[in-house]
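Some structures are shown below for you to check.
Both of the next two complexes hold chain A, though its partner changes from chain B to chain C.
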Partner chain A sequence: MYTPVKCYQPYYSPFDPCPPRTPICYATPPNLYLGFQQPNLPQYSLKEALYKGTLWPSLYDPYPLEGGGYREQSTEG
Partner chain B sequence: MNKAPKADRYELMEKIQVVDFALVELTLYLDTHPQDSQAIQQFNQLAVESRDLKNVYEQHFGPLRQYGASFSGYPWNWKDGPWPWQL
Partner chain C sequence: MWYYEKKLQYPVKVTECNPRLAKYLVEQYGGADGELSAALRYLNQRYTIPDKVIGLLTDIGTEEFAHLEMIATMIYKLTKDATPEQMKEAGLGAHFANHDHALFYNNAAGTPWTATYIAAKGDPIADLYEDIAAEEKARATYQWIINMSDDPCLNDSLKFLREREVVHSQRFREAVEILKFERDRKQYF
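The block that comes next holds the complex of A and B.
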């Protein structure tokens, strides 16, 4: 299932003197998985496209990460 | 040039922005899909619609673009209207 954000927990060695790191997350917009865009994909209505930022629902990504600092938003699993 | 109420200006400007955004999206799409006739047809429809909307806007609120894209009133009035960031 497509998720706009992916996270992983860096390995924490038992000999690591520093505290374990928080999970590292990164954005994965839909265009990574789309490959070559097929013609005649379904489109948003024009007005909605302006506010969504793209003409095609399959390319829509709300970029849920806050501030681009790659911190996980609380709502995301 | 009758002065339409202010609300018209923002609605009209929003319509222009909606159509222009779709044109930008279709331009980028058509750059990589030159054979997509349906998208080209949509692009041409939107181009006509965008031109008409801008003509209507310019009749009410003065020239929108420069360098010949908009007709000028008398006297030279392209700088009289509010700038885009002041709208």
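The block that comes next holds the complex of A and C.
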């Protein structure tokens, strides 16, 4: 199952000076999985496509992801 | 040749005068993985790439100039009315000393653009893999800038540009598939 983000938990030492920034996440956008794009995939309406930056829902990768645990969301305060 | 359309590919709106953000954004203007590097890389490689994918490099290279223009507009709007004092506070004192409010092709750390940022190996697979890597690096740069920016209007345009990097990477990956396709080999599924 395709997920646009992957996270992992690096080791945190009790002697590390900064509060932990976990989990660490990175983007895995749809272009990594699509392969050669098949014909006749669903399309956005023209207006929506111009707004989103792509005609194809299968290529759309919103950022930052909701609850995706990117750095800015995973740190406190 | 090119035809120029006197409008931006996607609207650029800036909420407030913020030279600090301009200092970061310039990474996408004159940085190694920025839009200038991208445009020049693709429009140069296209002469020695197989016929089937020349058009792709021309199209994407051209679009990169449209992105460059958007980034320039952002940087200009973020800094155009900043006082010398504000420029200094934003870490742009050295830039101001040399360029006043003019834009210049350097990265966020102030290093001027150099042709060593781009490559043309002449090997189609090597060059396309370089292009895929360049798109992923530009996508990541947009992510880090979005993470630091609290300007919702600017972020809207940056998200559009990030999505274009995803689409370009996809098309370069398809170009590799076209070049490695073996027509006479039987297909087993």
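Rule of thumb we're sticking to: the second predicted complex is superposed on the first by the 53 of 77 C-alpha atoms of A that agree within 3 Å, B and C clash if a C-alpha of one lies under 4 Å from a C-alpha of the other, contacts with A are read in each partner's own complex, and residues count from 1 in each chain.
Definition applied: contacts are C-beta pairs under 8 Å (C-beta built on N, C-alpha and C of every residue); 3 or more make two chains touch, one makes a residue touch a chain.
The model shown is predicted, which means the values in this text are computed figures rather than measured ones.
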| query | In the superposed arrangement, does A:54 touch chain B (first), chain C (second), both or neither? | reply | both
| request: Could you look at A:46 and tell me whether it touches chain B, chain C, both or neither (first, second, both, neither)? | output: first
| query | If you stack the two complexes on chain A, which partner ends up touching A:64: first (chain B), second (chain C), both, or neither? | reply | second
| task | For A:7, decide between first (touching chain B), second (touching chain C), both and neither. | result | neither
| request: In the overlay, answer first, second, both or neither for which of chain B and chain C A:27 touches. | output: second
| message | In the superposed model, which partner reaches more residues of chain A, chain B or chain C? | response | C
| request: Classify the contacts of A:37 with the two partner chains as first (chain B alone), second (chain C alone), both, or neither. | output: both
| field | Contact residues of chain A, present in both the chain B and the chain C interface | value | 36-37, 50, 54
| task | Name, in rising order, each residue of chain C that touches chain A in their complex. | result | 10, 139-140, 142-143, 146-147, 159-164, 166-167, 169-170, 173-174, 177
| field | Residues of chain B that touch chain A when the two form their complex | value | 14, 17-19, 21-22, 25-26, 29, 32-33, 36, 38-39
| field | Residues of chain A defined as touching chain C within the complex | value | 27, 29-31, 34-37, 50-54, 59-64, 70-72
| task | Report the residues of chain A in contact with chain B in the complex, numbered from low to high. | result | 36-37, 39-40, 46-47, 49-50, 54-55
